[in-house]
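Given below, in the form of structure tokens, are the structures.
Next, two complexes with subunit A in common: one pairs it with subunit B, the other with subunit C.
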Partner chain A sequence: MKKKIGKGIKILILDDERDLCAFMKGFFIKRGFQVKTALTGQAAINLIKRATPNIAILDIYLCKGNKNGIDILKHIKKNKPGCHCVMISGHKEKYEQDSFQFGAEDFLVKPLTIQKLEKSINKMVYKIKKEEGAHG
Partner chain B sequence: MSTMRDKFHDLGNCHSKISLASLTIKESLLGNDVATLSKKDLKELIDSSITILNKIETYVRDADKTVEDVKQFIYKKVGADALIPNIKSI
Partner chain C sequence: MANPLSNEAEIFNKIKIENIKVDRIVWELINHYLNNDLQKILFIVGDHLDSSEPIPLEDAKKIRNDCIEITKFLKKLKEATRKD
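For the complex of A and B:
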């Protein structure tokens, strides 16, 4: 049985690939996280309105809809600044600088492996727990 | 029509799906003590694993098709015998 490191932590996954969302969701649910998935930027915005995620995993290049992951990153940092954003893209040279400039906490280069994803999320969980500790 | 960026995006997605799908099967098999499962639970575990294996086969076929598209395009543009320089020197 996996250690439930994600207990009480909400994750939003934005990716236009339905199967990728489903696999990531299964992976994080097994580790105790509460997970919501969105296939488009607009769907992500709708979900964020209803509940604030602690962590958002945002694919930048989306084939569906008219918003990309950077648009959603900006939206989150403006409206839910406490949410930690992990960006995913195959184009490091094009998007990495913008991602950090707009407040992303991490940037993962595609192809995505579970090792990269797990390492990044563990880092976010550590930050969240530390912040919770600091706030009492 | 697709751009090269679209093609490599598709290829990256195939790779990511294969990686995550494999892990999903591995975790569900390792996370269950198969020797103690009831026949019904065992059947469910096998069925779900086969479903994911079928998906992996599809992703591999999709990746092959994408690589073939890119290959044909590059061969037409620069030729199959073009020498690839060290990427850092470009």
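For the complex of A and C:
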């Protein structure tokens, strides 16, 4: 039985690899998170309009659509600044600096283990709970 | 991990001395295909190891499929980049 660390926390996952999206969704649902997935940048924007995620996991390089993960990061930070963004990419040298410049909280290099991703998300959960505590 | 080649040090030395570089466009392909397939395998295996559960048949099939895709990609890349 997994510890439900994510109870009450919404995650948006953007990845154009359907299998990866489905896997991450199942993994975080088991830990109590509410999870929405998007295969394209536009789908992510549509989901963000309807509900504000607390955490966004954004794959940067997307083969589908005309927006990449950095575009979605910018969109989130402009429209939902309270959302914590974790970026994922195989191109550290190309995207890491931009990610932090546009407000990402973490940058993970592909391929990574699920434990590394979980650790990063747990850090975001800790931050969210701390912020909630600070706001009463 | 595969056994190290007996002349591995020699090969790396040749790469260094002759300044052999792989074009960025080739790395783009490698990053995209290998990273995504390895990512799927790492996620599946890591999750089951973490929970000390055996890997279900469905997940084993996914891993085999990802390995086949990696092999196909390497074959395609080899054909596209070989000199002779």
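We take it that the second predicted complex is superposed on the first by the 136 of 136 C-alpha atoms of A that agree within 3 Å, B and C clash if a C-alpha of one lies under 4 Å from a C-alpha of the other, contacts with A are read in each partner's own complex, and residues count from 1 in each chain.
Basically, contacts are C-beta pairs under 8 Å (C-beta built on N, C-alpha and C of every residue); 3 or more make two chains touch, one makes a residue touch a chain.
If you're wondering where the values come from, they're calculated on a predicted model, not measured in any experiment.
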Simultaneous placement of subunit C and subunit B on subunit A, clash or fit: clash
Partner chain in contact with A:91 - subunit B first, subunit C second, else both or neither: both
Which superposed partner A:61 touches (first subunit B, second subunit C, both, neither): both
Contacts of A:112 with subunit B and subunit C, given as first, second, both or neither: both
First (subunit B), second (subunit C), both or neither touched by A:79: neither
Contacts of A:20 with subunit B and subunit C, given as first, second, both or neither: both
Residues of subunit A contacting subunit B in one complex and subunit C in the other: 17, 19-20, 23-24, 27, 61, 63, 90-91, 110-114
Residue numbers on subunit C that touch subunit A, as the complex places them: 31-32, 34-36, 38-40, 42-44, 46-47, 50, 62
Residue ranges of subunit A touching subunit B (in the complex, touch as defined): 1-2, 17, 19-20, 23-24, 26-27, 30, 61, 63, 90-91, 110-114
Complex contacts: residues of subunit A adjacent to subunit C: 17, 19-20, 23-24, 27, 61, 63, 90-91, 110-115
Subunit A-touching residues of subunit B, taken from the complex the two chains share: 5-6, 8-9, 12-13, 15-17, 19-21, 23-24, 27, 31, 55
